[in-house]
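Please read the structure below before turning to the comments.
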Amino acid sequence: MTTAGTSTSGRTRTVTPKHDVVIRFAGDSGDGMQLTGAQFTAEAAIAGNDIATFPDYPAEIRAPAGTIHGVSGYQLNFSDHEVFTAGDEPSVLVVMNPAALKANIKDLAQNGILIVDTDSFTEQNLKKVKYEANPLEDGSLDKYQLFKIDITKLTTAALNDMGLSTKEATRCKNFFCLGLVSWLFHRPTEITIQHIEKKFKNKPGLAEANRRAFMAGYNYADTTELFAESYEVKSAPITAGTYRNITGNAATALGFVAAAQRAGRPLFLGSYPITPASDVLHELSKYKALDVVTYQAEDEIAGIGSAIGAAFGGAIGITTTSGPGLDLKAEALGLAAKVELPLVVADIQRAGPSTGLPTKTEQSDLLLAMFGRHGESPLPVIAAASPADCFMCAYTAVRIAVKYMTPVILLTDGYIANGSEPWKLPEVDQLPDITVKFATDAATYKPYSRDEKTLARPWAIPGTPGLEHRLGGLEGQNGSGNISSDPDNHELMTKLRAEKVQRIAQEIPPMRVMGPKSGDAIVVGWGSTFGPIHAAVKQLQKEGRSVAHSHISYINPLPSDLGDLLKNYKKVIIPEMNMGQLRMLIRANFLVDAIGINKMKGKPFTISELVTKISAIMDGRKLEAVQ
Amino acid sequence: MTTAGTSTSGRTRTVTPKHDVVIRFAGDSGDGMQLTGAQFTAEAAIAGNDIATFPDYPAEIRAPAGTIHGVSGYQLNFSDHEVFTAGDEPSVLVVMNPAALKANIKDLAQNGILIVDTDSFTEQNLKKVKYEANPLEDGSLDKYQLFKIDITKLTTAALNDMGLSTKEATRCKNFFCLGLVSWLFHRPTEITIQHIEKKFKNKPGLAEANRRAFMAGYNYADTTELFAESYEVKSAPITAGTYRNITGNAATALGFVAAAQRAGRPLFLGSYPITPASDVLHELSKYKALDVVTYQAEDEIAGIGSAIGAAFGGAIGITTTSGPGLDLKAEALGLAAKVELPLVVADIQRAGPSTGLPTKTEQSDLLLAMFGRHGESPLPVIAAASPADCFMCAYTAVRIAVKYMTPVILLTDGYIANGSEPWKLPEVDQLPDITVKFATDAATYKPYSRDEKTLARPWAIPGTPGLEHRLGGLEGQNGSGNISSDPDNHELMTKLRAEKVQRIAQEIPPMRVMGPKSGDAIVVGWGSTFGPIHAAVKQLQKEGRSVAHSHISYINPLPSDLGDLLKNYKKVIIPEMNMGQLRMLIRANFLVDAIGINKMKGKPFTISELVTKISAIMDGRKLEAVQ
Amino acid sequence: MTTEATAAVKLTRKDFVTDQDVRWCPGCGDYAILSQVQRVLPELGVPREKIVFISGIGCSSRFPYYINTYGFHTIHGRAPTLASGLKISRPDLCVWIATGDGDGLSIGGNHLIHILRRNLNVQILLFNNRIYGLTKGQYSPTSEEGKITKSTPYGSPDHPFNPIGIALGAGATFVARSIDVENQHMPGVLLRAAQHKGASFVEVFQNCNIFNDGAFDYTTDKENKLDRQLRLENGKPMVFGKNNDKGIRMNSQMQAEVIEFKDGLSEKDCLIHDETNPAIAYMLSQMVAPKFPTPMGVFFAIQKTTYEEVATEQINTAKKTRPLTIEQLLKSGDVWTVK
Amino acid sequence: MTTEATAAVKLTRKDFVTDQDVRWCPGCGDYAILSQVQRVLPELGVPREKIVFISGIGCSSRFPYYINTYGFHTIHGRAPTLASGLKISRPDLCVWIATGDGDGLSIGGNHLIHILRRNLNVQILLFNNRIYGLTKGQYSPTSEEGKITKSTPYGSPDHPFNPIGIALGAGATFVARSIDVENQHMPGVLLRAAQHKGASFVEVFQNCNIFNDGAFDYTTDKENKLDRQLRLENGKPMVFGKNNDKGIRMNSQMQAEVIEFKDGLSEKDCLIHDETNPAIAYMLSQMVAPKFPTPMGVFFAIQKTTYEEVATEQINTAKKTRPLTIEQLLKSGDVWTVK
């Protein structure tokens, strides 16, 4: 239904309501598209839409301007109902140069809106990306609603009396774009202007320039009647509460801080920078006032080593990394497992093997997390399902580490680490309890005595008189911890260490099932595939399929009710952004012939590809046929 | 049947024939028991017995003399028929001090022969190991045939005119022991004497002292009529050929050299010392004349890094290590997998986790070898089944690495690395072909073009004009190898890398089955459990059980006929010196409910415990009941 | 580098340019270094196929992609390990390592000091921009104390490494320094490094204009650089300044000081640079701005055996003195025959 | 170590002996070091529970088991990493690191130089026996060139590290050397190390009588040791010899030489030891036998901020100037409310 609204300029305009919109901003790395995207996301969030985002940027800092490699993109899905992913295909695409067009146009929905900065379509730029003819002229974009705008020129014109260099003025074009789309989606201008003023409060010149560019874009859309209609996405029915839009990495950092605060212990992060994990380090380094020490170590081994040392001293020891760094932490993780100290290792997975595609996402470190240490050294593994879920998972990882005196591995990945969604702020005092109780009684203390319920050994920290003891990697006697090469004790300790991890199953809530409790198929996922799987299964259910979705947060130990759950469905389908790592565990544990849907493209699943493939499997068709 | 023989002294003595004997020498680390054992082994081998040995020594270099920790042992099984292990329990035990007695007596068979050096049973030594009374006197050893001999005194007396210090003279007591047991088992003295002369050819004084001590022991046994009877183990029916007794580590080293020689390439070993792998480094460092370079790197990462560098240059690159070192090599292994260079990583497993029990054996690095790298980076994994088998496995590892242009992981463990058995020397020119063909044609060369059959890319080494190219860990385009972040290419490459490893299945001979082709149970093993499993299954078959044994050498990829094979048996039983690592792979791959027998005691399975447990499982009894 | 330069080859700068797009940020100091290396390579008289560039991970470690020789972009910090294996097994190759202050001194510090100690005949170029470029701006082991970066919003608490000091401490046989923008100076240093038999360590000040812009402005400032740089020349007194009117003197307690040539002081009072004297090299490494001019050029250069020459010699000797075939080897030890 | 020594505690050597059997080889130099450390600890006035010994892997790294304080026998080469995390988060503790030439300079070289650079207030004892003891006799980074060991039957092709040189190059603030058998000398050095605020590096020559017996006999030889050791004393001329009749002089080109006190030469001609002068310290590190006497004692000692004091200060300042609760933190950023 189309209604008539009134724009700020007073003109009457046509406002078409929409349930959801997927918009993608794409430009050169230096064009500021990440900022535009983030700001437009904030507008949507405040308007009450449900949102999900997916930034996608190149491995190079600044690849040569105008090349495909240098293209940086930011996608936002905003809607009047619950959304689970940043959307399969954009219906609106904003591109700042030929490279961005070339790299993104294939994704744009048919008849989608395509906004282009014509100024950048110079012969030279076209040549750089091997366009023979100018696609803006040759009719090749006819199936889209093409809006050709001299964005650069218009921006610099709007700022021409400010005394800025051309370079400085040109930089503001991303705010011009923001103005355009803000008009297009019927956003109030005030919020963005407030933002600009806050963000650039120490640089009033910049604030003014960006404000002007923004309004120029907005007004340009308004006055030129560039767009025949504008759109409105109403607010979504969202649970009451206070929200903020959060990326997975920020949520992970906050989860750690909240846990340390609840435990009443200082937080020690030992880390070495690596994409896409570095932001957790950056975040945490800001929270010194909350007793957070961040230590940028000389390498990943030193990162985990320092965290173990800090844990020995009574701090909440954390180390964060991505795949290659987790490789390097293997030996020290084995030590932490053997000495049974609490520790959390967060692995923000990226596409491998080796250096791989460092800015792209993948779920291919699961078996490394499970088995990547010599000897028998099982460890708990927890995986976050969405940006906001990172908070609770990080919190839980600390809680379990401390309660069971064990290292815990937390898995997230580039997709949710950089992607964002609204996060309902928790009440700190309603978070699950984390109690730290250090041993103090010299008379009864034994380094390896065990708690009956958790099998945890006591945490006794230096500074406690009478509890002096020595830890180490050599096998030790249960109870005393003294070095022991007794064969029976080694077997006992091996089993105790395994059993301790198994006991964590008592913490795991029953599996939640979205859909029928039994039926033709259950789709089981873990980690960041939650969004696409959830949306795909919903759609299939709407189509009348007997299919359910259940998502695993605890991968080691697996939930105790999982095996029985799987038996209730004729087929078990496991989509993963790897070659079938969870599938292997499920098959080995439950002897079910789980079928995989595997994607190794450095990109999350789209809902539609999952819908297609799940259907195919349910129909007994070969997957190759639909690929 | 007992016959009368004539000893060297001319006396008539009673010689009892035996089918097999298990003898263990045990003493302080400094007592030279490893040498005595090895020499006695050589005597048995030359006499044509089949043999298997198991040395067992402490983690400390020299724990304080006389302590349990300092006890070092060497066990030999020699027989007139085929043997598969060093034997479950010794029937002869030689102990040099109270600590050795205390540590070993529980293993001695009932009525077994116990030879003791009484001189060391001083009050002080007894106290050190907490003997309240002298066990030689208090009747506690009545169930054995106890021979109390003043070995130390007799040795020094025999040497007293040689001008040696007491310490030097005392050191020769191990040769006195050797003389004793040589008499007891009816060995000719010449061979040992030749040996002594050869071994100490640069130290004529020592040669003379040891020769004298040896003869003193021999003659003492002969003249004193100490033993009522002596024993003879006839030669075993062994395939014709030239043999030598070899440890797993020596065989591994020779396998590598033979492979490099057949390939016509220099061998480069980059390694960092670690127990129990160091001996491979020590061995290889001797063979410079065969174009072997050994590089003792600053750590394990440098070890593998240097081997990859050497492989890039066209050498056969090898790195050797044990568990903790394999942890550290993970990241570089991923690089080697990505750049597809040939490389062999040998992991001589030891008991973990962490430092664990460094001198004890275990099979607990299997899943680390399989999955211990971030990203999808599958690699071939080969496991050796016995000391001599290490030769062919090492050879094969190189052959496959070169043929498929891939890193290969070779697993052995402390048990077979240090244990020994007779090895039938191969004819070098009859070993499987290893052909290295470097790319040279600049016109057709592409770094990532692929061989149709193996999917191997070409090996082009620096120095070849026109083939200049750059390798690296970033994902590359199939064909050109140029850096590529193309999503489809990443998926293609991931699948190609996996497929290449799968193709190795075409190299794998059909599974050999010992026993019925179908039946109640099949016992499946891998690695060093071969001996005990084989012997146990043979025994069960003799008892009329319907049980077979099949052993897996190639763990990745698994043999293509394995799945079908397993279906022919009602039960699949997998004994492992770990918590069930192969079992997990078998369950996941073939969805069979494989049952594990797991031992984590730093020691190999005994035949009898396997017999008991396999029977229990076949009878449907719970394993706990028999443990 | 290898001494087996074959005069026959006559290459030019262009021969060393690859077809790959260079993907550094516009304005990055790495471009200047690349172009100077490409200028120097033809002068070595080594055929292209005999040259190998090996790097770790970082912006600087992208270097090999842009040089048309053999190349290997390995993993973070480990370039020296691959270079060692390659050079030991292929002493005929001319091996270069390109690394950064993070790659070479943070995660890779150990491999760096060990390759220097072992004195493999390779050239090591350490691009020191005092920042982690590729991971977008965290501080590095050479960042100044108190530096504010993404990972140190309150300022770094670390004392930085002195790369020259580390190299000397590790026993390096050739240690030098140059600057990306000094295109008259760097080629000479690179050439010396290439000609040195043994491990050559060259610290190159490199500007990262995105995350640490201007880190070396004080030293490279066009106006004042002659007052702020001390150009080292072996056997020459340590003189500097726009008018060559300043120098370095050492007092009897081994303390260096800057003197101006007045009140009877002249270059005769200056310390003579001696590339073979470790104490002088070390003292120079400790001279930092603004108290001292920044020394540039070759700090230290001595001859020692290289690892690979000793290793190769051992093999050749073994082959001569104890020749062995694989058949003999297998049959060595205690062998018996069963018929 | 920590400066918060509490005078109240009065401990003796015995308080620091554990109930564990000491498992070194009889005659190993480690025993002497252990007993001297146990003698010095009571003098620090630090309660036992505030002391932590951290080690890697090696014979020497078994050290913590034998000292009755808190202890951690970690993994090979990584002791400094655990010590760093512990000391940063617990500046109140007195942290010691026990390491070997393999543990500290081979696999652990990088962590060692980084902890020295960051100047954490810990004491590092490097047991240098020039061999890998625990793994039964391979050569180490401090083994002499040409050394024949299990892994180098043809002799090692490496040039050894100079541990003192490495430490200085890394920017250590306290660098010293002593010998296992010198039980008069070592306690003084240990005490100085403990009292130094910042990372103290002490190289201890240690005899491995099983795999490298006599490695330091030349220096420790009872008859001649006074002629072969140079005992360093701050502010004193460098004099040595049985009759104090020899000394170290430095010429104008910064070359050290041994002089005998005759022909008018006396201790006045000798260089005065100055612990704060890096050039002197480095020159001393380069003096090797037999040309020079082996310097013993404190080579270098200066004051710099420690990592943990700056880190702690940042936290305290942040708490004061920008106090924050977890509730506030969660609600920071762009927050909106849905009703």
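We call the chains A, B, C and D, going by the order they appear; numbering starts again at 1 in every chain.
Please note the rule applied: a contact is a pair of C-beta atoms (placed from the backbone, for glycine too) under 8 Å apart; a residue touches a chain by one contact, two chains touch by 3 or more.
Fair warning: this is a prediction, and the values are worked out from it, not measured in the lab.
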Per the definition at the top, count C-beta pairs in contact and tell me whether A-C or A-D has more.
A-D
From chain C, which chain is the farthest off, judged by mean CA positions?
B
Let me have the rounded angstrom distance from the C-alpha centre of chain C over to the C-alpha centre of chain D, please.
29
Using Cα averages as centroids, what's the distance between chain A and chain B in whole Å?
47
Mind checking the centre-to-centre distance between chain A and chain C? Centres are C-alpha means, answer in whole Å.
40
Roughly how far is chain A from chain D, centre to centre by C-alpha average, rounded to an integer in Å?
45
Chain D residues touching 2+ other chains are 57, 73, 75, 106-107, 109-110, 114, 141, 154, 311, 314, 318
Chain A residues counted as touching two or more neighbouring chains:
69, 288, 298-299, 324, 331, 334-335, 339, 354-355, 472-474
Residues of chain C that touch chain A when the two form their complex:
21-26, 57, 59, 73, 75-77, 106-107, 109, 132-136, 138-139, 141, 150-154, 210
Along chain A, where are the residues that touch chain C in the complex?
60-65, 67, 69, 272-275, 278, 281-282, 285-286, 288, 294, 296, 298-300, 324, 354-355
Touching chain D in the complex: which residues of chain C?
106-110, 113-114, 117-119, 141, 154-155, 157-162, 165-171, 250, 252-256, 271-272, 274, 277-280, 282-283, 286, 304-305, 307, 310-311, 314, 317-318
Under the definition above, what is the set of chain B residues touching chain A in their complex?
58-59, 69, 322-324, 326-328, 330-331, 334-335, 337-339, 347, 349, 351-358, 360, 362, 364-365, 367-368, 370-377, 472-475, 485, 487-488, 490-491, 494-495, 497-498, 578-579, 584-585, 587-589, 591-593, 599-603
Chain A-touching residues of chain D, taken from the complex the two chains share:
18, 20, 47-52, 54, 57, 64-65, 68-75, 78, 80-90, 92-93, 110-111, 114, 311, 314-315, 318-319, 322-327, 329-331, 333-339
